[in-house]
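Scrolling down, you'll hit the structures one after another.
Below are two complexes that have subunit A in common, paired first with subunit B and then with subunit C.
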Partner chain A sequence: MSAASLSAPDELGRRLLDRLRPGSDSRMTAGLTVVLVAVSLGASALLLMLTGASPSASLSAIWTGSLANTTGWTTTLLNVAPLLLVAVGACICSSAGTFNIGQEGQVLVGGLAGAWVGLRLAMPGPMLIVVVLIAAAVGGGAWAALSALMLRFRGVNVPVSTLLMTFLAIQLVTFAVSTPWGLQESTQGSSGIADAQSNPLPVNAQLAGFGQYPSLQLNTGLFIALVAAVGVALVLSRSRWGFRVRMVGLNPLTAKHAGVRVGALGGFTLALSGAFAGLAGGLLLASPVSTNRLQAGLSDNVGWDGLLVALVARNRPLVAIPVAFVFAVLRAGGDFLSATGVPSYLVDIVKALLVLAFVAPPVLVDLFRGRRGAMPSTAPAVSVVPTETKAAA
Partner chain B sequence: MTPTTSAVPILELRGITKSYGTVTACDAVDLRVDAGEIHGLLGENGAGKSSLMKVLLGLVRRDTGTVLVRGESVALDSPQEAAELGIGMVHQHFSLINGLTVWENVALGDTGKVNKQAICSDIAEVCARYGLPIDPEAQVGSLSAGERQRVEVVKCLRRDPQILILDEPTSVLTQAESQELFGVLGRVVQEEGRAVILISHKLAEIAQATDRVTVLRKGRVAFRAATAETTPQLLAQQMVGRDVSLGEEGAALGLLPVQKARTGQAGDRDRQQPVLRLAGLTVEQGGVRVLEDVDLTVGAGEIVALYGVEGNGQATLGEILAGLLPPTAGTVEVAGSTVDVTRPGALAKAGLGIVPEDRHHSGVVLDMSVAENLTMKSLDKVSGRFLLRRGVMRAEARRLADEFNIVTSSLDAPVRSLSGGNQQRVVLARELSGDTRVLVAAQPTHGLDVGAIEDMYSRLRKAAAEGVGVLLISTEFEEVMALATWIAVISSGRITGVLPVSEATSERLGMLVGGEAA
Partner chain C sequence: MSVLDSTTTILASGVRLTVPLAFAACGEYLAERAGAMNISVEAMMLGAAFTSVATASATGSATVGLVAGVLTGLVLGFVHGNLSHRAQINTFVVGLVLNSLVLGLTSYLITTDQFASHQVGVLSIPLLQDIPLIGKPLFSERWPAYLLILLVPLTWWLVERSRWGLELRAVGENPQAADVTGIKVNARRRQALLWCGALAGLGGAYLAVGEVGSFNQNMTAGRGYIVIAAVIFGAWRLGRTLLGCLVFGLSDAMRLALPALGVTLNAQLLVAAPYLLALLAMLLFTTQHREPAALGRPFQRGST
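Here is the complex of A and B:
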């Protein structure tokens, strides 16, 4: 259909993303963010009290679990790496106007691919971990590429297809780890019982720490994630390819006119974001944050949380670094908190409230001011009543 | 047609102010409309005409001011209230649903049970009374622009409004259709004592059809007078806020008569090598032929205008030439070689630049910087294999910004922060940079103020003088007469005639626009 080729390829995703761009009116947005964060923290405290826990004790538990000592720091920093990788991937495809929300599944498929290579490929030496991580990235990328193909050939919405593919991924991994000829662990001794998980990765397929610090472990995964964040930020802002990506994200028609293959580039960024999520899955598998075994619970919401990191960072990879750190604190501290008897879902609720507090303000500012685009932020000269010019399109 | 000044005006606005954020769209506007008159509301784009009417229709709430209908103060909080007060509007852009029939569209917005017979007989009655023949069973999608306008008017008149507002009603009409519309309006006010507010930026139209006129400038009332006591020149001066000569600016404002463009090169056309040749361009969308077998050539250094009423396939042609839409059949040749328009950027590479009809749609990326927008089509020039060269990009952008007088606080400012005229200059500068052989300018002066229009005209002339072939797609008669050496007329997606400007008259073009051979 010629009409379809004229409009943006993925309207739904674009409309969602439009709402999440760095805001137009920063002062009002910032003020509202502060207010909403306060409100969400207050609501969290109230919730804790309602369940009979003490807010201050909970806060100190989160602190103890995440930042109070080197053990806490180790856990927190181990959590930063996969979150940041997922978020950086999300930044890439969002910059191109493609809204991938299926990172959770892409993380799992990445883990599956990494585990399969790590367990089946008997390679000596440290090359194996490199191959495992590459396989994980390729796996996650291929999983996301399926959604890109669905868009290209059947016009399926990317947010919808990536979301639904997540549930398929969970089934796929569950199947793999509960099938003896798949990746299920070898039976233990004479009992003959095997759990729904894989064997642990061989030691040379596990990520080593770097540097020697008393009782603090810094994992190579963190280093990979930080390099990825800085690298992607540079590529998006400084490279020719990044220029095209931003053009496609901001105005696909102008980009097409300027000679960009809009559909192909959008699909490629989607696959790339899947690859970053897959790599995050590989990290989860290969770093001490997990048991180094593939399980259906391997991803443990890292995909969702990473997506939230990108949302809060408004798709800026460098901003994603501190945001990922905050989320990692909540993850590490939340685990510790639930060990003290507070239901762990409360931590999820707190997290969700915080995300809302960060994501909602620009949307609300727009609502206060009438619909977005009703007033050009700085240039009234365009037309005082832009509906006129819009309708002219 | 002398205005009857009754004691109590049918509508009076006092001190209407409406701001959007920091921008004041209407600033203490007073307007008085009597029963039995056609009141012209004149102003440039952004002068506040539409905002004022939105207040009147209850679509937006005024900040301050009083609205009196027949002497009584009214709140106007909702469109329903405005409708009950007998205020009706025919919008500039049709608010009809193509998939529905005429009577269904007319019934939209009615409350209670839908009674087809009653509605159809209503329509027949209105049609007969005003001489607006229309088939209630026809699908709106199959009607011409003029017929759709008729449906809009019938829909509005059926509600029996006392105050009828028409927003730029002739932008999609042929001259004959415009005449018919004004005839109907004359009857509405004279025989039935209603009031009509006619919004327009075309002076000729205001002078011809209205009894009194109010001119808005930058949200304020700049001038008001009985139309008979004023002249188009005076109105133009009030609208723009400075003296207006009859030449260039006159054409921009729709003033007659126009100076015809020089016709020097028109004679030896066949000997030139055309820089743009469209052959048999056909586009089918949903079984409808939007463009049919369009042949058109543009020679180096000449300005060829494609003239026609809005909605006759020009937009589709613009999309093809912007590389956004592949044609169903036909070829595009630039500088002698056929271009594969399905390849992104192929037209640009071949040397075709285009100022698109809607620059926000496909001309600029509003949230990217001026420098980025100026160089986005020539990335090879401003980047290495992998990295952008910011310095080169800025230097190139600086050069273009100086050459084209682009006024911006900084080259790093987003294009969104520029005025419409400067945004248009960004597009023009980019499209003319590099080795441009053909420039397509689609409605290049839409929405620009007079100064920017003049600038655009001189730039198009300059481009042609430097040997670029210019294809000007325009709906403005005065514009094509002032700029073009050849005029091709498009009607319902077909080229109905091509004539040199020396042979073009408004009558001949009018007939061609209506689809008749002239």
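Here is the complex of A and C:
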């Protein structure tokens, strides 16, 4: 504490009151967020104008591709489900202070496991899709569990190992779909050429869509994702297990003294987040958002985007629902945007800027208030694996 | 083609693929020794590759493009440093966002603009380039490649012999202790990121205006992550980091060359090799405490 604050006895009291009154800080954070979002959108519009495109036409193209008609809504809602699942998983392990950035790879391995089971097992009727989704979740979970084991037994930094594992996953899937004894598609008739992709999943391994209204289709995947989001939110905020998870995230030392097995719980949440990402991979594979074939491009950045959704939602699963929706709108609109001559990469720029606009304010508010050294208000998201010192020791 | 010739070809292509990695690895090595885990090195390389080509096209000089690339790296290092070591946003989050921002921005701009091709010149060293086998690969390169001869010892000297480097290492190993002795921890990390940005920028620019002569969408294609893998593989020692770069460069060259030579080797395994080796290295080295103790951990006074 600086000398100035010691000479003003009110200072400490004011700070304590500030802490008790969350209103003032969250108002400031919200205000700053609004300003930064406006700046991000303004910057994107400026970029469009500088490159000779029209911001309003681009906006209306995104609107047409995502929300203007039932086809757009169908695409958008199909995109929501995998993003939301990845984000919900990220919320769990971030709440425990473990930062998983390998969702992209976990999605792919989930898809690989799902495709393997879906193509190799013959099962009657709707049994198969259930087994495919379970296999996908187990696959993604196992991939993340490898990182958890590396942390537990060798103290390997989780963000780094999950990142490296992502690149291995991409090559693993590429290998699987380009090897004839793996999952590569059977050769096409006379030409004898097989592309680097698997055969399509059988129809009973595909997720049912419902609602044959004029072309608005709701896929079962969306309901799975919504149930997962609400369920995880409830478990984290209401259950004893959720309390332990949050305790580990906020203060691992306290959690340890309270009898929580910090290392095991952190590792388990990491595996769980991988399982959610894997399930998202299974959904991608089994829903009409893909061609129902396993390809190296199956994940199509869903893992990275889902992680960004969780960051914007600041690790709250329920907030992740609308955020995932916004990201899905951008994904669906981006595809349409490229048809109008504006590169769809614009959407990636907007997404990255939006994430900064949402991540920066709470930290900046702390900085403005001179709260350095105080417990950061976004502790679980900011700390990188508090348990790893103990694991390494 | 004789065996000697094809070996020379693979070596030459391997060295060419190694040089950009080596530049960036010097920077990433220094940043990681200061405890700054910087995954935005990919963004620095890609951004620099783009601006170097754009500037070279605008000014007609590849050398000016190279300088522009270094400046781009510096700017990104400055941004990353301030976001994660002043505003204390998680450094991995900053890295991911910068990577996707730069990827989006360069991909967007390359489709809306056309650039003329410019390349820096080849500098062949007389006599030395006539050595069989290694002469061509090592002594007939684009001239900025020889900057490595200067920059590698300089990086080593900065980290291991200068006062600044001693403070950097203190910051990377035990920021709390460094802070108590009056070292400005986050300022040192920001400075380390500037060095990292400049060198990663040089690496990216060398790739663009040095070897390829043009910019294509996502042209670094994950080289930044390979650099990070090299630093881990090198157990945070400069010499072994550069060795890692050479191994990864050669394995990439083999992947490109082997099909033409009629040798079948698993392409996916060769692509995955850097990451696999880095993971294995991490599994081995963590118990030997080679890793800077505070790597990737944010520093805030008063918190542990």
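In the analysis below, the second predicted complex is superposed on the first by the 343 of 393 C-alpha atoms of A that agree within 3 Å, B and C clash if a C-alpha of one lies under 4 Å from a C-alpha of the other, contacts with A are read in each partner's own complex, and residues count from 1 in each chain.
Note that in this section a contact is a pair of C-beta atoms (placed from the backbone, for glycine too) under 8 Å apart; a residue touches a chain by one contact, two chains touch by 3 or more.
Bear in mind the structure is a predicted one, so any value in this text is a computation, not a measurement.
Which holds for A:F99: it touches subunit B only (first), subunit C only (second), both, or neither?
second
Quick check for you: in the superposed arrangement, does A:A205 touch first (subunit B), second (subunit C), both or neither?
Touch partners of A:A205: none, neither subunit B nor subunit C.
Answer with first, second, both or neither: which of subunit B and subunit C does A:L330 touch in the superposed model?
neither
Is A:L283 contacted by the first partner subunit B, the second partner subunit C, both or neither?
Neither partner.
Considering only touches as defined above, state whether A:R261 meets subunit B (first), subunit C (second), both or neither.
The answer is first: A:R261 touches subunit B but not subunit C.
With the two structures laid over each other on chain A, which partner does A:A115 touch: subunit B (first), subunit C (second), both, or neither?
In the superposition, A:A115 touches no partner, neither subunit B nor subunit C.
Considering only touches as defined above, state whether A:W241 meets subunit B (first), subunit C (second), both or neither.
After superposing on A, A:W241 lies in contact with subunit B but is clear of subunit C.
Of the partners subunit B and subunit C, which touch A:L272 in the superposed model: first, second, both, neither?
In the superposed model, A:L272 contacts neither subunit B nor subunit C.
Pick out the shared contact residues on subunit A: the ones touching subunit B in one complex and subunit C in the other.
374-376, 381-384, 392.
Write out the stretch or stretches of subunit C touching subunit A in their complex.
That would be residues 37, 39, 83, 86-93, 96-98, 100-101, 103-105, 107-109, 111-113, 222, 225, 228-229, 232, 266, 268-269, 271-272, 275-276, 278-279, 282-283, 286-287, 289, 291, 295-298, 300-303 of subunit C.
In the complex formed with subunit C, which residues of subunit A make contact?
47, 51-53, 99, 101, 150, 154-157, 159-161, 163-165, 167-168, 171-172, 174-175, 178, 304, 307-308, 311, 343, 345-349, 351-353, 355-356, 359-360, 363-364, 366-367, 372-376, 381-384, 392
In the complex, go through subunit A and note every residue touching subunit B.
Interface residues on the subunit A side: 2-3, 5-6, 21, 238-241, 243-244, 246-247, 250-251, 253-262, 369-370, 374-385, 387-389, 391-393.
Which part of subunit B faces subunit A closely enough to touch in the complex?
20-23, 25, 45-46, 48, 50-51, 54, 92-93, 219, 283, 285-286, 319, 322-326, 328, 344-346, 348-349, 354, 356-358, 360-368, 372, 376-377, 379, 383-388, 390, 416-421, 423, 446-447
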